Amino acid sequence: MPETKKIPVAQANKNYARIRLTGSKPRKRSHANAEIVIGCVLLGIIALMVIFAPLLTSYDPTHQSLREAMLGSSPEHLLGTDQYGRDIWARLLYGGRIDLFVAIMAVLTPLVIGTILGAVAGYFDGIVPTVIMRLADLVSSFPFYVLVIVLVFVLGNGGTSIFIAISAVSWVPYTRISRGETLILRDREFIASCKASGFSDIWVLFRHVIPNIASQGIVYAMSDIVMNLGIIVTLSYFGLGIVPPTPDWGQMMNDGQQFLAAGVYSLTVIPTIVIILISLALSFIGDGLANVLKVRR
Amino acid sequence: MSGSKWLYIGKRLLLLIPTVWGCATLTFFLLKLTPGDPAVQALGPKASKQALAALRDSWGLNDPLWQQYLRFLGDLCTGNLGTSYSAKAPVAELIATRLPVTLIIMVLAAAFAVIIALPLSVWVATSGNRVVTEFVRILNAVAQGWPTFFLGAILLQVFAIQLGWFPIGSVSGGVDVAALVLPSLAVAVSIAPIIVRSLTQSLQDSVNSEYVNFGKAKGLSYRKVLFGYALRNGSISAVSVLGIQVGFLVGGTLVVENVFAVPGLGQLLMDSVMKRDLPVVQTLTVVFGIIVVLVYLITDLVYGALDPRAAKRG
Amino acid sequence: MSATETTATAATKPAAVDNPGYEYALEIVDLCIDVDKHGERVPAVKNLTIRVRPGESHGLVGESGSGKSLTLRAVMGLFSKGAYYRSGYIKVCGREVLGPNAPHYDPSMRGRGVAMAFQEPAVALNPIMKVGWQIVDALREQEHLSRAEARKRAIELMDSVGITNPEDRFDAYPFELSGGMRQRVMIAASIACKPKVLLCDEPTTALDVTIQEQILRIFRSIADSGTALLYVTHDLAVVSQLCETLSVIYHGEIVEEGTLRKVFDTPEDDYTRQLLSSTPYLKGRMKAAASDSAKNVDNAKKGD
Amino acid sequence: MIVSAESKAEKDGTEGRIVNPFGEDSRPHAHATRLLDVQDLNIEFVTKVHGKKTRFKAVKDADLHVDLGEIVGLVGESGSGKSTISRAVVGLNDNYSGRIVFDGRELGHKHSREQWREIQMVFQDPYASLDPRLTVRKMLREVILYHKVVMVAEADDYCEYLMNLVELPVELLDALPGEMSGGQRQRVAIARALAVRPWLLIADEPTAALDVSVQAGIINLLMDLNKRLDLSILFISHDLNIVRSICERTYVIYHGDLVEEGPTEQVFSHPSNAYTKRLIDAIPKLSSKYVEQLAQQDKPSNEEKA
Amino acid sequence: ACGSRSTAADTQDLVVARSLETTDMLPATGYSNGDIWAIQQVFQTLTRNKTDGSGVEPGLATSWKKSSDGKSWTFNLRKGVKFHNGKTMTAKDVKFSIDFARTARDDKPWQFLFVAIKNVDIIDDYTVRLDLTQPWAPLLADLSMSAISIMPANFAGKSESQFRSDPIGTGPFKVGEWKKGDYIKLVRNTDYWEKGLPKLNSVTFKYVADANTRSQMVQAGQAQIDEFPTAVSVASLKKTKNVHVDSFPSTSLIWVNLNNRKKPLNDVHVRRAMAYAIDKAAIVRAVYYGQAESANSMLSKNLMGYAKETRDLKYDMAKAKAELAKSTAPKHFSLTIQVQSGDPEKSMLAQVLQESWKELGIDVTLQTLDSTTVYSNRTAGDFDVAMFEMTNDISDPDEWMQYMFSSSANVNSGYKNPRVDELIKKAAADADTDARLKDYAEVQQIIADEAPEIPLVYKPGLFAVRDQVKNFKVTTLGEYKLSDVSIAQEQ
């Protein structure tokens, strides 16, 4: 019966029904995607080269031949050799393994932990959020490098220690970001509407809050990876980096450092360029992600 | 209004107490966990076992940990910062002579970072040109990937040796600001990319915002809209980013002071950590903690001054 | 002193606002605007023509997305990224601000020639600037008043748009004001330089009826003082309160125009009729308009 | 298309839940005709202004009731406390004093899962009230399965049923909120609210963010649902025209006080309160011969229906 | 920069960029080279090391006489020597100083050198007599140690800690300004007893840890002398205009410490195998760029007693493998090398060793630790392999022998050999220099054969010096002869 009462749909008017205007679609998406693609391709190439290092060089990155030290670039040694006569190209390839692994792991872990802590701190009221944020304050009032260096000192050198030390410190920004986002989100109607649907707090937190706030943290994580590479290099400078003979870019740069005074820059420059390329790739990905995610909102 | 501001500052300063306590406690136990013997550092590798043991005893290093901790807290509360194991001088004195150096580097570095980042961000945000965007992106990537010690070596080579504009590791009675310019620049370069990014972002937002449009609609000139509206609003978020960068600023001074032979707190800290000079390390982390907390406070105050809404948000 | 200064500036501007030789304060003729949609450039405003005489208030009515704001922004020269002028021209007080002779928009008429009241005062006012200064700003730039004079004028203006205690409110920040107050401040800022044309982009949509009524009264008096008003809304009732003439826009095209009475009493176009019939004045079931009726929205999806 | 859950239930031989949730027999039988009864509701907020705590009474001694199958209007200007009342009733704000009686039982300050189901809410801004990441289907399934309205296998059928109920094309089930118009989103929000078979629907300015032309569709839908399902609706709005056209009874709220209550026509034609008068006077009047004509045509059909 | 260079010549202010900082100016407690080499500018000793390290010459004592039983020494003091506070040095000051140095205390690392001194007697104002517990050949050398420098009696009325930070000595320079951890500036002692000396107005020891920065300071003219430029940078420094590199003979030895207490390093064959596997010549080239010499003995080349003819275990992989086959661990085993952090040279050496021993099937891990930990681990015997650098402080080999090879040495490698102990003990008490040399040679050969420790290279003292610095010399023991130095105008 009510059906008959329905006001009929307007007849398509010849003039103005031609072009349907729809809800606005993300305008920048294609552009943002291009950035992500460029970034991923660049990063992907580096990652593949690192992963398939044995296919790209026949040299053992740790094999020394002191009699062939400091050679320039040649057909045998693509990028020359270092002061131990080790092939730089091989070291560059193999060196990425531990560095990228540690840098990425030391972003993923704090990303997950920090995001959850921040969401909890932003979503709930009471003592737990206070404790989390006080802890965050404490860790962040500790100068970043100081804490990392002291931690590496305590734990001893090596990839695992660096990973733990960075993770122990760098969850804080993720917590802050995620808490800030959660505080904004908490006032948005859709969280209220989720609650009104009767979902429990934990359900809302993990199903609705965290998925919606994670994007900011992920964008931040992109630049954080480069920062972690920087930390590994800096730790190497202080002799706290990856333990030789495991090849590693930080060690490579730092080994090259003593030749700077002698005017030999290539040893430091070569790994630096790789890190710059990674930084570039991640910057593309980060910006692209930020745009895509921003438009989504 | 201003009364409540002082109240706010007072409250924030009170927060220093838990921070100091936290920093101190954390360092204390971390350092107790680290291997190494400060007595060897003090007496040198040729010292006898007996001498070492006796020294450790006189420093109270053989007491139970909780006793050492309580004594340490007590000393901290009474302002007795102890004597450096290695320099054999009062810790307070060691720190007092170096503090200005590090503070100057931090201030200069923050200033340089802003001076570098601001025009770049404005350029990107207003040009709307892909080429400019990508150029600045590459600059950013280079600045981020370039290790500080390498940058330091190059800055020294160019500005100190070739051009002779700045001294390297100057020796003078007071603080030689000229010698701190290059180190500050190196720190600034390492933190500028992050500021460029966030500033560009917020500038872009504010350039495209409705209030800038309204400003134009009122008939204001481009310059006035850009500087009076877009830049001022856009810089608000950059201030907080700059504040967060302080942690890295302090980290940056660590490397830079070692590279540039600057006798600041960073160098002292690194040396003392290496030498297990517990009293110095403990005091330094507390000092750094206080610096960071104060900088956060300053950023918040600047933020509050720039953004009247902040006060409301609490 | 200030008077001489003002005339001096007016003299330096060749196409002076006070040039009397125009019939229409605002003339939009055959305006076409394109926008980017999914990477394609599609027309959003098509051959739109609107003419408004001095002192006349003209309503522009249409549903969301029909191109009302785009038109107004074209007049102000405030295209955001993704919107492009294609053809046609816009004249303010007889001076072509956008058109074949001014393809990049001529901003000289902003402020004194044409001003705009935005829909959302909450975002259109600079959030970190005291509201009084946002009015003073315009006065100082355009009228070259001294600080004190500008302040005095601003307070007068605030008073004239019904802000109580204007001296106190002068130093308030936008967030410290209610929505209605903010809207008044924005109106005060946009009429600060006595523009010949005032564009209004749904300035009362976010407000309560009681406040809306007061604001409409302000607009009424602005129009009475000789300013041409182009008032954009989707609320026919508001138009009927305020305007003498109106145009109905649908998907970027004017489908009907004429005097208020003519359009309201004897609507000719189907879409206008639907709009009228969907107003909630009929007890019981309301009339659904074309655009949302659920059944054909799936076209929207397919149209993508 | 519309799967008759009723027949399914018979086929499966399952009892109880798996029936057409809005079918004649499964309709919840109210224990009392008075479905919602709010007595002496007081809500206070503590806000910090310049670091000083100030108390602010958002709702004062509100008495309000909704009967089964009724559409009740609540009008008032912005900030008058409309949403505050609705949030308290729906369970989003437990910081109130007074009694909220639903279906003869007093609601605790913390709702049970069952109580969450019984009262549902549709929010003002359809652009903000849907999780932007979830497709309509995921969104509906989540509620359905969380509250175990139907079995997993039936969830999709039930989703389609809901889409039909709110007059949305089934294809939209796989659309994201960002891909839909405001009107469509608001329908999705209504579908989600209805998914758990509520007795009372609180519509908090459901059309305020929509175009006039789109508003009509939503209003029609709500009225339709009210008729078809005997759904009680508390309709909150500041648009008096809408309230006038759909509500049987109306409350007027002013600065947290319910200043007027009565059948809608009476409130509008003989307002007893000064504020109500002002409010009604401020409604922009549209004088259009065309509309009057239409109204004339409509009248007989309305009476017919009644 | 131009201005600052001419200033250096005009003002005769010398800046030395140093890798070590000066932390302690009290002679008896300062132990690092950073301390000692500054102490030596401010304080002086009774005897003085000859520049070539071949023995001692008169210092604050002009002459001395040994009693026939060798247990009593009489020293005649130099007259007219003034402390920096204007007071004249007398026997009272000498007695105070020697007594202070020889009295045992926790923080006096050198006190063991003076245990033979039983008693100090003042004969008159300018004569003192030292009674010994036993005849002690190295006494004159020991007395040249900075730790037993002559201070004013009772610290000239100051407390010890006051004196520590504001010391008073008889040296050519006195402490002007001291910013701990940054630099110490020594200014000319105008009352110095050697007439016309010093020529410089001041000497500043600037602490610069980063080797690159140090050499850049010299290149920029910010400093005139860079102490220890890295071997790699020598070539480019030499090319720099107005800068040259001085290489002074030194007692520096880089050696590998093996923990003889641990299996399988307690097996002499294992140790020999490891020694044979090290290509010292390649190390000299790759790590030191030819700026060092491969070492054949565990005793420094420039020290009295060095036996040139000591036969070391020269690089020979075949022999290495053969030795290992004979040993208790013929197959694979693993070791850890402890490396001082922040020491690129050690780290490089460690990596070379790691690779060399890998060929023997030894699995070597690097463990980077801060230097104090490396040292305390060495003291505690808590290590497998570590590397150290050793320089001697006196011209007599006794200190070295005691310190490195005797079974009671607190920093040895756990190596115990009664024959070695006996030889060292005998040589120390022996007045006959030739006999001593023979004993020491024997010790060196035993050590070379049994390889409890493996010598790697002898390192010269490298200094990058601006050409304008005249007469800069460093003794084999590392002491800076600065009183003759002057700064000329730069072209």
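Labels A, B, C, D and E are assigned to the chains in the order they are written; within every chain, residues are numbered from 1.
In this text, contacts are C-beta pairs under 8 Å (C-beta built on N, C-alpha and C of every residue); 3 or more make two chains touch, one makes a residue touch a chain.
For each chain, UniProt lists the protein as follows: A = Nickel ABC transporter permease; B = ABC transmembrane type-1 domain-containing protein; C = ABC transporter domain-containing protein; D = ABC transporter ATP-binding protein.
Since the model is a prediction, treat every value here as computed from it, not as a measurement.
Student: Could you work out which chain's C-alpha centre is the most distant one from the centre of chain C?
Tutor: Greatest centre separation from chain C goes to chain E.
Student: Counting only C-alpha atoms to place each centre, which chain is farthest from chain A?
Tutor: It is E whose centre lies farthest from that of chain A.
Student: How far is the middle of chain A from the middle of chain E, if each middle is the mean of its Cα atoms, in Å?
Tutor: 49
Student: Please compute the C-alpha centroid of chain B, do the same for chain D, then give the distance between them in whole Å.
Tutor: So the centre of chain B lies 55 Å away from the centre of chain D.
Student: What is the distance in Å between the mean C-alpha positions of chain D and chain E?
Tutor: 90
Student: When the centre of a chain is set as the mean of its C-alpha atoms, what distance in Å lies between chain B and chain E?
Tutor: Chain B and chain E have C-alpha centres separated by 39 Å.
Student: Could you pull out the residues of chain A that touch at least 2 other chains?
Tutor: 5-7, 22-23, 25, 153, 238, 254, 257, 260-261, in rising order.
Student: Using the touch rule from the top of the page, what residues of chain C touch 2 or more other chains?
Tutor: In chain C, residues 81, 274, 277, 285, 287-290, 293, 295, 300-301, 304 touch at least two other chains, as defined above.
Student: Considering chain E alone, which of its residues make contact with at least two other chains?
Tutor: 212, 216, 341-342, 370
Student: Across the complex, what residues on chain D touch chain C?
Tutor: That would be residues 77-78, 166-169, 171-172, 175, 179-184, 187, 210-217, 219-220, 223, 238-242, 244-245, 278-279, 281-291, 294-295, 298, 302, 305 of chain D.
Student: Contact residues on chain E for chain A in the complex?
Tutor: 211-212, 215-216, 229-230, 232-233, 235-237, 279, 282-283, 285-287, 340-344, 347-348, 350-352, 354-355, 365-368, 370
Student: What residues of chain A sit close enough to touch chain B in their complex?
Tutor: Checking each residue of chain A against chain B gives 134, 137-138, 140-147, 149-151, 153-154, 173, 223, 226-227, 229-230, 233-234, 237-238, 253-254, 257, 260-261, 268, 272-273, 275-280, 283-284, 287, 290.
Student: Can you check the complex and tell me which residues of chain D touch chain A?
Tutor: Of all residues in chain D, those touching chain A are 87, 90-92, 111, 113, 116-117, 120-121, 123-125, 128-133, 142-143, 146-147, 178-182, 189, 192-193, 196, 216, 220, 224, 227-228, 301, 305.
Student: What does chain A use to touch chain D in their complex?
Tutor: These residues of chain A touch chain D: 2, 5-7, 22-23, 25-26, 188-190, 192-199, 203, 207-208, 211-212, 296-297.
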